[in-house]
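In the two complexes below, subunit A is the common chain; its partner is subunit B in one and subunit C in the other.
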Partner chain A sequence: MNVIRAVQLYLEKMVADAGPGMKMLMMDRETTSIVSMAFSQSEMLQKEVFLFERIDSGRSNERLKYLKCIVFIRPTRDNVLRLQSELKSPKYGSYYVHFSNIIPRTDIKALAESDESESVREVKETYADYLPVNPNLFSLNIPTCLQSLAWNLDALDRSVQGVISVLLSFKLRPAIRYKSSSSAAQTLAKKIHETINKETALFSFRPPEDGAPPPLLLILDRRDDPITPLLNQWTYQAMVHELLTINKQRVDLSDVQGVPKDLKEIVLSSEQDEFFAANLYSNFGEIATTIKGLMDEFQKKVHDQKKIESINDMKNFVETYPQFKKMSGTVSKHLVLISELSLQVSKQQLFEVSELEQEIACRADHSTQLQRVKKLIADDKINLQNALRLIMLYAMRYERHANCGTSGLLKLLKDRGGRAHIVPRMLEYISTSARQELFNTVKITDAVKLTRNLIKGLKGVENVYTQHNCVLKEVLDDVTRGRPLDAAFPIMGNELPFRRPPQEIVVFVVGGTTYEEALAVHRFNQDGFKIILGGTTIHNGDSFIDEILAATAGIPFKHSRSLQQFHHAPTGEA
Partner chain B sequence: MSQRNLTDLYSMLRNNVVYNKHLYTDTNNSDHIALLDHGLNEADDPEQPAWIRIYDDIVCLLTRTQTKIDDLVHIQDAPARLVLNENGGDELKIQQLSKDVSLLLSAVHGKIKALKSNSRGKNHLEIVLQQNMEKKLLISLKCATVRVQQNQARFNDNQNNMKHNSELVFGDLPVLNSVDTFDNFLNMNVTTSSKSIPDDNEAETLDEYFQLPATGLNVNQKQLMIIEADNSKMIRTREYEVSRIVDSIDNLNVVFKDLAHIVMEQGTILDRIDYNIECTQTKIFEGYEQLKIAEIYQRKNKRIYCICVLASMIMFMIILTMFTKL
Partner chain C sequence: MSSNPFEEPDDAKPGGFLLGHSDDDSVILEGFLCPICKADLKTPERLTAHVEQQHSEEQDLLKSLKEMFSFAKKKILNLDETATDLARSLDSSLQVVGKQERAVAVVNPILAWVDQQSVGTDCDHLSYFKAVRNPRLERYASETNKLIIRLDKLLDGLPSEMDARKKHEQSKVPWIDGKLVKLCPSCAKSFGLTRRQHHCRVCGSVMCDGCSFHLSFEEARAIVQPVSPGPARATSSVADEPTKDHESSGFRVCEHCLHLLMNRKEMQDSRSDRPLITKLYDRLLQEKKDIEPHIPMYSKIIGSLYEGDAIYRLSDASALREKIGRAAERIDNISKTVLAIPFVQGSREEALKKAIRLSCITFIKERMLSIPPLPVEEEIKKIQLRKKQETARRIERERRLALEAYERYELESGTATGNYNGSSSSSTASTAEMTNGRFYGPTTVAGSDNWSGYQASAVALSSSADPLIDQINIVKGYIKQAREALRFEEVETLERNLSELTQEFYERQRRASAEASSSGQ
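After this line comes the complex of A and B, so read on.
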């Protein structure tokens, strides 16, 4: 179950279907991202695909009749219209049309009517309709999916299509479980269930062997775990995303000072960059040592390259030069990244901030934590972004506390010019189940949880910066151990629940997932499970705050009446 | 990995459309006209530029090279060789094959150069197409060369090991092995090896001739003449060899420059499909903007304006003179 491999296989098949000869690939905005995350341009060139074009933007009308055109587009209305006009005056010799999802029959009819020159050779549905980020992680790149805490309809359609295409890529016909308290998750589950039942022909895979439980599609809601995206991360990929933002495997470094010109924008792909693939999940300390090792190796190589005395040396040089060149590229790229990360860490005093964040997320100790938050917020070295996050965490944790000091903290933040109006919005965003469960306000009746917490407390903490466990991890723990799920995660439809844990699990988080959760899934997969994680997008702190603002726009304030003075943004700010 | 094929449905729908159209419109067209139309379309269709033929050639050559390399690897890796070392058949085959491979590789490189020097396409798309194609060919060439090199290195190591072992076993029996010669190093695109061996032999015999007069003191003029003639012949062959090696080094240099460039590009932002598409788009947009500016300039062409003003003034003058003089 490797999403990158799945998309690659689809693309390989697509190109192979078109046969030998020169080909070009026509895509739309989203499929372009999908293709480029799976293959690099030189890999596509090796498959004799020489031209890449977007169907939805200004194109010249040069005719190249000797090219085969592979069309890979999403089945949207606009795309079909554009393809129709293309087929009316075809520029290329033959067309091999692939839609990335289920396409209505009427659209096919419309296409057939406009194909007067009969240049279409093939029409297929190829279900690569998601962005493969890591082998176990996919995203749909929907930045904001909720509107007044209910689904934005476009986002809902896209999510249904995305999840369906993931299921089809792996030939899964799953049992669908959803978070019972979340209406968004329920709506999505219902829609997916309907689609599966409508397209029974597509989903008629070989049934699992006798007694084997069916795969599981688990739909969660970000509103149940609003803490994870707010914490500062210490694993490589997550850190880069938090501090520099990864956008479809690309990192923009043009704002960073002292970066050589050819590294203004870099690619972090686990497919093409072995070093990155190996260190995706290593933490900041480990990565520093590995990069030091890499540097040493590199310097040794440089030394070796310098002495060329005999013909044998020359021969070796010629043989190793390409690898050497590649290595030097990798070294300089990661060195730039790491140095920028460590600069940011010391500038923003992330060690201190992160320790307190983890502390608030994991333990209840009101008075000391309030003191520390106050101290950090007053500190000019802590930037407003981090101050805001600390207050958000504090406000969520101690919302019901008798001496809740949120408004005092917000006043401090406002005086420094921070965006204090986000905090009440945040309190509206989080769901009731998050309120009840997240901060371990355990009732005495819940004995199992209580003992588990006790054991956890006795064990102590290995690393203060990574002590927080995301909700997803606990849920997956329950799932893989076969604990009863029916109360919190009911099954969609009238399928009989299986007692035994499923072999394959697809998790989809409405409202976006995070790299911390990807790490949790990775750990499970190392233990031999087959789990794929996906989300409407992949959040870091900033994008999550944007999502909160979009999701809570225009809803009445219910939970945060006491913070009335902060409800509205100061004029001139959104 | 499921897929759904809708081609049948599509062609059915398309046939329906075509059928319907012909049912109602095509009644008064005679066969001639249909044929004529068809002929016209055919003539219009094949507009292949010349470089496509070269491309096809290169692809063909590359596949041939690949099969040859496969053969070579197969033979060199065959464990039977270790046992039947005395059997010269394999040696000959290997020599023949590696010669073929190096010939093919240099041929491919030559063709790629030819393709590069070929006239560029007329329009933007075609230029991009050609560039990408060259890149692809160079990468394939690189892969092939690297494979040959690595294979050769491994083979040489094996041979060395074997030589070492056999020396251990057979004492100081002279073992002929031409592993560390310059020819082997340039193996990738020099046509040397077996071809140069007879030359070398000749040269060696010549050397022996050359040393003769030192021992034999009673040499007459005729013999000297013969020796001199041989000598000059030998020098010529040597010179030829040397110039060929220089050529091949030159060639190598060019190939490696090309390849190094490609290696640098791989894995960077330049190798991203979406980045390249964005670049093309911004370029097209910039071109469009410049066109617009050019159009504005064209419109307020000052010269025409000036001419108009002057012309009207002249007219006015003429009329004025007409009125004043008449």
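After this line comes the complex of A and C, so read on.
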């Protein structure tokens, strides 16, 4: 199950259906991102798609009747209206209309009535309605999805559509489980369940063979694991996202000094960049070694190319040129990225910060950790973002501790000009189950878990910067080993629960997922499972803080009354 | 023997290696028989030498004999095979067995499983779309057709004089009585002195001046006569009279009729409109389609050359390479012509032609120029020589070994003919297997007779009389033609046919001689 491949297959079919000849592709804002994450522009050129147009902006009135127009848009009301007006006075010879999701029949009727010149050749639903990020990871690009800790309705609709389209892409009719304590997860599960039952014709796949458990759709809530997005990461993709931000596979380097002009914005696609695909999940140290190897190889090639003396040499050069050029592009791109990352690591003293973050996340040792947090946030070299995140982690772990020093730390932060008001919001954001289960040092409910933690503790720590395990990993452990799930993750509807672990799993995290969790899923997949992870968005620390602020805007403070003095942001900030 | 998973099918073993049992009661023809004169030469080495001397003209046979022996020997003797030898023999046997099995052997089942992701579900709405659209279109179409018929009548014999024309128009299309209409139906303003009533000439309805449109005679004619705009009629018509007045150069029509008529016109135009860029693009497509299968073929030829195979020649590769190069040049030229088509700066067409050119450059660069270079002739010769030498060495070695075995056998058979049968556990196990399994077998033939076999009395073969031989010659001719025309897929299939034919030929001869022998007895 590869989401990138799924979208590629859809697009390939779409283009093939239109037949040979010059084609153009008409998209909307979202489908443009979807297409661009599956194929590069030059790959589309090779498929005879020469022009690209946005249905919602900047359209010209030129008539090009000899072009075939492939329309790939989301089934929104606005898009249907725009397409209607396009069909009334068609600019192109023929239209192949694809909607990225389920479209009401009334909209099709309206379109059919507008097609007076009989130029529509195809009307289809093609369920590529999600951003394929990695083979095992998709995003719906909804930056914030909660309002007063309940679903924002637009975001809910989009999430239902996104998850439905993923299920249809892989022909899955799953059993749906959701985190029982999360009302957002439950609402989404219910909506998806309703849609599946309504669209029985679409979901009438061949049932799994006798006795085989059905696929599983697992809906989780970010509020149950607020730690993972706050930790500094050390694997390549996660690190780039944390320190430089990946937005739809693109990294903006225009603020970075000394970057060559053509690398101001770089594309990190596991499809088009072999090096990136191979090192997506490598840690920082490994990549440095790999890139050195790559450079040596490159230099050897450059050296080879230098001694062009005869015509034959030149011919060889031309013959190897495409690969040569590709390679030089890859090398310089990743070199720029890695050097910027290592610059940031030393500038922000990330080793020190990360070690303490992991300590707080994994072990309880109040007085020592408080001292270390104090020391670090007083240090001018630690930037305010990292200081804030340390306090957030501390505040979460020791919220109920008798000597909780959060307010003292916040004072320090405020004196340095940091955004202290975020911490109480954070404490409101996290869910009850996160409070109870995340740091289960105080309340020992689960004997098995305790034993496991003890064993983990005895084994010692292999790498201090990657000790933390996300909640998702533990959940997937339970799912793939067939442990009983019904209490924490009930099944939606009246399907009978299956004892045996499912073959295929789609995980969706309300409130956004992270690259660390994608790594966890990747490790499961390496063991032969078929798991896809998705989320309303993919968070790094900063975007997660934005999500917290949006989700808790205007709600009364319940858990953080003791931090009243920090409740309000300084004027001019949200 | 059966350890070889790619064991050759029986028919792949030509007659050289004496397999001769014709029918149940018949005499078994065994021994190393010459496929041409049916003489039993007793050892493969002698047989090879015999064929070399006596039938030197049959080069193909000689080659196949040698290869077959070496292959069979390897299987039977199973002597000091190194791993590489084995691999090569597997390779060559694979080639014999054919492409199909090679493909099977290459595909890794695990990889295939990983790759196997089918396209997701989709849902087609076209039938519903058509169910809504088509009745509407039909209604429009019949309405438009009616208008066009009227337009044709109006144009036919249209008087140039205004009053007469009005009469003509009214006689063709009944006009609505103006007194009944108080307001303009499209702008809802009342008619009066300043706002006069006008009639649509095609449907006869009433509207005000502001709401009416004009359809020029040329346009009207183009709509009526879509295929040939009819220059003859156009010149003789009234419309050529130089008048500025709309009224005299065209028909007054209402918005609805104009929309219908223009819609029809546009559909006709877009159907017949073939601008230069599409013609050039079609040529590009054709070029690409023509050359595409040649590119993997070229790589295949190069690969086979480096393996030292004799199916293709170096000249084949260079000719094909040249062809690909020429096609690249042509594609480059056409795309340059596309780029040179003048379009408005910054227009979509400008972007289109640039995109076409870009895609052509990428295609040429990545598909056509990245093909491997031609191997140097000496290198290929060296490879072929090495392969030949290897074969020769192998034959030499086998000849020596078999000779030893034969001598040993003769020695032993002289002393203990009867006892030998069944006592296969001798030190030279493989040799014993050969003698035992092959030559004693289930049939009880006296050991001493074993090697003598049946002396074929040189069956006279008038080669031209045999249709098979004709066929072989014809195929040979085809191969030559195909090679000249650079149709290498054909060369390959024909070569395969040829080898099948030759095999069949030997098979038949063997059978014929066997029959001759059985009838002789």
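In the analysis below, the second predicted complex is superposed on the first by the 562 of 574 C-alpha atoms of A that agree within 3 Å, B and C clash if a C-alpha of one lies under 4 Å from a C-alpha of the other, contacts with A are read in each partner's own complex, and residues count from 1 in each chain.
Here, a contact is a pair of C-beta atoms (placed from the backbone, for glycine too) under 8 Å apart; a residue touches a chain by one contact, two chains touch by 3 or more.
Remember, predicted model here, so these are calculated numbers, not experimental data.
**Student:** Clash or fit: subunit B against subunit C, after overlaying the two structures on subunit A?
**Tutor:** clash
**Student:** Using the touch definition from the top, say if A:P490 reaches subunit B (first), subunit C (second), both or neither.
**Tutor:** neither
**Student:** Of the partners subunit B and subunit C, which touch A:P75 in the superposed model: first, second, both, neither?
**Tutor:** neither
**Student:** Determine, under the contact definition given at the top, whether A:M1 touches first (subunit B), second (subunit C), both, or neither.
**Tutor:** Only subunit C; A:M1 stays clear of subunit B.
**Student:** May I ask you to decide whether A:Q272 touches subunit B, subunit C, both, or neither, giving the answer as first, second, both or neither?
**Tutor:** The answer is first: A:Q272 touches subunit B but not subunit C.
**Student:** In the overlay, answer first, second, both or neither for which of subunit B and subunit C A:S36 touches.
**Tutor:** first
**Student:** Looking at the overlay, what does A:P501 touch: subunit B (first), subunit C (second), both, or neither?
**Tutor:** A:P501 contacts neither subunit B nor subunit C.
**Student:** On subunit A, which partner's contacts cover more residues, subunit B's or subunit C's?
**Tutor:** B
**Student:** A:L45 contacts which: subunit B (first), subunit C (second), both, neither?
**Tutor:** Once the two structures are laid over each other on A, A:L45 reaches both partners.
**Student:** Pick from 76-84, 130-138, 184-192 or 238-246: which stretch of subunit C gets in the way of subunit B?
**Tutor:** Among 76-84, 130-138, 184-192 or 238-246, only one stretch of subunit C overlaps subunit B, namely 130-138.
**Student:** Under the contact rule defined above, give the subunit A residues that sit at the interface with subunit B and also at the interface with subunit C.
**Tutor:** 6, 9-10, 13, 22, 24, 42, 45-46, 48, 50-51, 60, 62, 64-67, 102-103, 105, 108-109, 111-113, 115, 118, 120, 122-127, 168-171, 202, 205, 315, 318-319, 321-322.
**Student:** Across the complex, what residues on subunit B touch subunit A?
**Tutor:** Going by the criterion above, the answer is residues 1-7, 9-11, 13-14, 16-18, 45-49, 52, 55, 123-126, 128-129, 132-133, 135-136, 139-140, 142, 146, 149-150, 153, 180, 182, 185, 252, 256, 259-260, 262-277, 281, 284-285, 288.
**Student:** Subunit C touches which residues of subunit A in the complex?
**Tutor:** 1-2, 5-6, 9-10, 12-13, 20-22, 24, 42, 45-46, 48, 50-51, 60, 62, 64-67, 93, 102-103, 105, 108-109, 111-113, 115-118, 120, 122-128, 168-171, 202, 205, 315-316, 318-323
**Student:** Can you name the residues of subunit A that touch subunit B in the complex?
**Tutor:** Result: residues 6, 9-10, 13, 22, 24, 32-33, 35-36, 39-42, 44-46, 48, 50-54, 57-58, 60, 62-67, 102-103, 105, 108-109, 111-113, 115, 118, 120-127, 168-171, 202, 205, 248, 250, 262, 265-267, 272-273, 311-312, 314-315, 318-319, 321-322, 325-326, 329-330 of subunit A touch subunit B.
**Student:** Mind pulling up the subunit C residues that touch subunit A in the complex?
**Tutor:** Spelled out, the residues of subunit C in touch with subunit A are 117-126, 128-133, 136-137, 140, 263, 266-267, 269-270, 273-275, 277-278, 281, 285, 347-349, 351-352, 355-356, 358-359, 362-363, 365-366, 369-373.
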